[in-house]
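Next up, some structures in structure tokens.
Two complexes, one shared chain (subunit A), two partners (subunit B, subunit C).
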Partner chain A sequence: MSHEPAEAELKDLITIEELCFFFGDNQVLKNINMPIRDKSITSLIGPSGCGKTTLLRCFNRMHDLYPNNHYEGRIRMENRNILDKGQDLIWLRSRLGMVFQKPTPFPMSIYDNIAYGLKLKKITNRSIVRDLVEKALRQANLWTEVKDRLKESALGLSGGQQQRLSIARSLAVNPLVLLFDEATSALDPISSAKIEEMMVELKKDVTMVVVTHNMQQAARISDYTALMYLGSLVEYGETNDIFTRPKMKMTEQYVAGHFG
Partner chain B sequence: MNLKKLPNSIFYFLTFLSAVGLVVLTVGLVVTLAVESRPAFQRFGFFRFLLSTDWNYTDQIYGALRPLTGTVLATLGAAVLAVPVALGISVFLTELCPHKLKSPIAVAIELLAAIPSIIYGLWGLFVLAPFVETYIQPFFSGTLGGLPWAGGFFQVRLAGGLNLLTASMVLAVMILPFVASLAREGFDQVPEVLKESAYGLGATRWETILAVVWPTAQKAVVGGIIMATGRALGETMAVAYVIGNRHGALDSIFSPYVTITSVIANEFNEAGPIQMSALFALTLALFLANLLVLSLARYLMRQK
Partner chain C sequence: MKPHSGRLWVNYLALGLATACALFGLGLLFLILYDIVSHGLTSLSISLLTQDPAGPLGRGGLKGAFLGQGLLTLMAALVGVPLGVLGGTYLAEYGRDKKFSKVIISLCDLAMSLPSIVIGIFVYSILVKPLGGFNGWAGSAALAVIMVPLVMRTTESMLSMVPWTLREAALALGSPYYQVIIKIVYRQAASGILTGILLAIARVAGETAPLMFTSFNNNYFELNLNRPMPSVTVSIYQYAGSPFDAWIGQAWAAALMVTVVVLFLNILGRLLVKVKKA
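== the complex of A and B ==
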């Protein structure tokens, strides 16, 4: 555990309060209370079906694309409850970037992929766009690999590169939070390591919430870890504490690999 | 031979036979068409037959150009009318429609596809043709018909409303469900996660459709549209009722005209030997046109 515990408590960027989520009548999140601290990485771990991805998708209201589900409770961010019925989802989603398990390059050039989010925000000044595209690609550690072929289709990149492209695309619009949904689980170890390295560097700019199956990854990169089980939050704390001196018996068993 | 394996072998043989049987049937069809159309090609010459506008019963001279252009133009006209509507339907169903409305609309489309072609023909004859005659023809000849050079293409040639445009309109309604459902299959192939990542950047539905859904689905959708439109090439009864069946000049969208299938349907019963052979030659041409369209559609749909 190379990780140092945070010296001073970071401020809470997001607070989840009494969050419940339902698919139809089926309750899949049960009274979740936890903070997401600013400029840090928070890992959500737990066995398949525990609700960690469902929780992640509450932050940018991705569930709203599908019928028959509803939220209860609150997710507070910037003095508002983002679960409010009247919440502007377009605005919300441009503040919280999301990276998926599979890379999702759009069928357009590398450059246009990154510029796409800027275009949505009506940022069209060419030199500004060019600078922001370069900055995002640098942040995602992709710039040196693609700078000579920005006009080529993004579909020609390798899987790892496509995933970093997806991250760069989210970073270009300068989000408050990046949500990672098993973003490295489909990649080879080297590509995966590159992304982990990048995430740690990114911490100074952006807050990250990471859903992962890989407990070593959670231990390596995250400052805070939340263990979920059957839709409930079992334990939340500093990553070091969760892995070395958990308060709950279940956490101890899970991080030791006894179930999951 | 192992007795345990016997049912397996029998099953294999039966499925193999069915598949091969179909190929044999198709080959037999082509051979028959080729043999039967040979006298016409020999008498008139292959290219002369294809490029001649003659259809003369007294002198027994036949050419394929009018039925061929009629078939192609009626189909194109149907595509022009049906494709925008079908695209609208399929985009609505895959991207915009509230979930509760999805299956009623899908069922309505499928039902439209289940109506027999003769019904469409009768509807065209008794409902659509009078409508075209009373409203559409006067409208076009009164407006576009006054244009200096192209005006003639919109003037009325014969009363009754039985003409190329009416045939295209009937065909458009007939292929609409097929075009819509194949286009929808194309749109359905766009991975959910790709759309989610566009929404995740703060894109609206419309922006997501333009940037991600359409470019990804494009080839499959166009392939599906072509495949579905291809059905119009061989459509017979409905067209035979409304196209007017006249081997005359095509100088207006309101000209009564012929298609390959309407000629076959009308003349097969009373055709003399050489005329019969010409009809077979037309069928061969239709078969080849269909093959071409299908191959193009399959090629596009296989592209990633």
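== the complex of A and C ==
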């Protein structure tokens, strides 16, 4: 039995340095500095509109889809700056998967949903694809529910199953990081618990950043927690410290549910 | 309860008026259909489709005209559908936030409400006069010009209805944008786009005015697009205006055929949307 790595052993996979982000003239992120530790779960919490989604979408440069946005500062990963103008976005996005609040099944079979990303990586050998599809579905705790209906349309799955399918689809391309934006907020408690269980299981392979409004969830699953307010980082630390002995008064009030 | 009953009356009045108008419109439509069906059926025979035109007393048919119309429509679709779909894709995807696209969309809407005879005259001036005579290419071109804005607009609106999160999800997997469009967005919007294409084909399949100025007509079987092309709609126009009972009968029968084909395409288009929703 291996032990959970002690804090000192977790290296920084990503470092956010002096990050600012603007929608047009509207500055939404203000000088954010924090690490994302390797093989861990980091929660982003904070009141609605504080910039959690905006920060999450900086990691995979989703903002580039829309005009008039710009980034300042750096997000370092593997000796590169994610925010570099010349950054290969295809490569970047295959390294950082994203799961959205609403499930996003593609209009095709369950199997093809998962195989989609593999085709992008030019993995076409049928038996390898089949194995990888099964592996991804197992990782997302979905395999036993769908193994007899892989050829059926993904649109026929329940909301919770669709969400796990979206996760499996991201996992299939073997990402370094998975970004979750309130991925369980639209689900019933059982589906949501299944996904939490899966996330904890996944920690040995993948680093996760999780935006959530659910304080219990943040406390249960994450190793590190960051509280944001009005575009700034209020406090970052080990989840245990944030919830039991925060440094800032605001953090104490927020996790206790006294404002927001 | 008093103020309520007043509003109730206004409601009944509006409902009654609206229903009456709808019934009036429907009634007219059925009257036209009844006329076409009753006149058309009496003259309908297989020789309409299998024989070449004969003199006013013989038992001829409009074989050439049906083939010609089919060919003209097919050629128009071969050009109009890809242009329309690709143009609509540009508007909804690559150019979605650009001023240029908004201008194009407004122009499309304008082109759709343009009387088709205007398009006929336009094509006449660029493809008939300079080339020295009526020809099938000009006819196809006129129909294609009518189709493009229709297909473009439906494609654009069908693609715009596909939620952005779906594109984002595919892009977030590391998919290039063109693949997201081809493999996911098109698939999601497929039935809507197909319906638009069918409706556009149905629309041009019944056009007469643009063909009179372009492919004109021809009494013979003709598959050479360099020459004037026979078409059903122009034949109907000419036969119906003739003094001969046999030709007038054939015009009715041909009108029935055109109506049935157009109706069929329309119903097929609607069914596709239904299947998708189910």
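FYI, the second predicted complex is superposed on the first by the 251 of 260 C-alpha atoms of A that agree within 3 Å, B and C clash if a C-alpha of one lies under 4 Å from a C-alpha of the other, contacts with A are read in each partner's own complex, and residues count from 1 in each chain.
What we mean here is this: a residue touches a chain if its C-beta (ideal position, glycine included) is under 8 Å from a C-beta of that chain, and two chains touch if they have at least 3 such contacts.
This structure is a prediction, so every number in the text was calculated from the model and none was measured.
**Student:** Put the two structures on top of each other at subunit A: do subunit B and subunit C fit, or clash?
**Tutor:** Subunit B/subunit C on subunit A - steric clash.
**Student:** One more residue to check, A:Leu65. First (subunit B), second (subunit C), both or neither?
**Tutor:** Both partners, subunit B and subunit C.
**Student:** Have a look at where A:Leu230 lands relative to subunit B and subunit C in the superposition and call it first, second, both or neither.
**Tutor:** neither
**Student:** Touch check for A:Lys102: first (subunit B), second (subunit C), both, or neither?
**Tutor:** In the superposition, A:Lys102 touches subunit B and subunit C alike.
**Student:** Does subunit B (first) or subunit C (second) touch A:Arg169, or do both, or does neither?
**Tutor:** Both partners, subunit B and subunit C.
**Student:** List the residues of subunit A that touch subunit B in one complex and subunit C in the other.
**Tutor:** Of subunit A, residues 60, 62, 65, 67, 90-94, 97-98, 100, 102, 104, 106-108, 116-117, 120-121, 166, 169-170, 173 contact subunit B in one complex and subunit C in the other.
**Student:** Residues of subunit A touching subunit B in their complex?
**Tutor:** Interface residues on subunit A, with respect to subunit B: 60, 62, 65, 67-68, 90-94, 96-98, 100-102, 104, 106-108, 116-117, 120-121, 166, 169-170, 173.
**Student:** Please give the residue numbers of subunit A that touch subunit C in the complex, ascending.
**Tutor:** The contact residues of subunit A facing subunit C are 60, 62, 65-67, 90-95, 97-98, 100, 102, 104, 106-108, 116-117, 120-121, 166, 169-170, 173.
**Student:** Can you tell me which positions in subunit B touch subunit A when the two form their complex?
**Tutor:** Listed in rising order, the residues are 98-99, 191, 193-204, 207, 211-212, 215-216.
**Student:** Over in the complex, which subunit C residues touch subunit A? Could you list them?
**Tutor:** For this pair, the touching residues of subunit C are 97, 165-176, 179, 183-184, 187-188.
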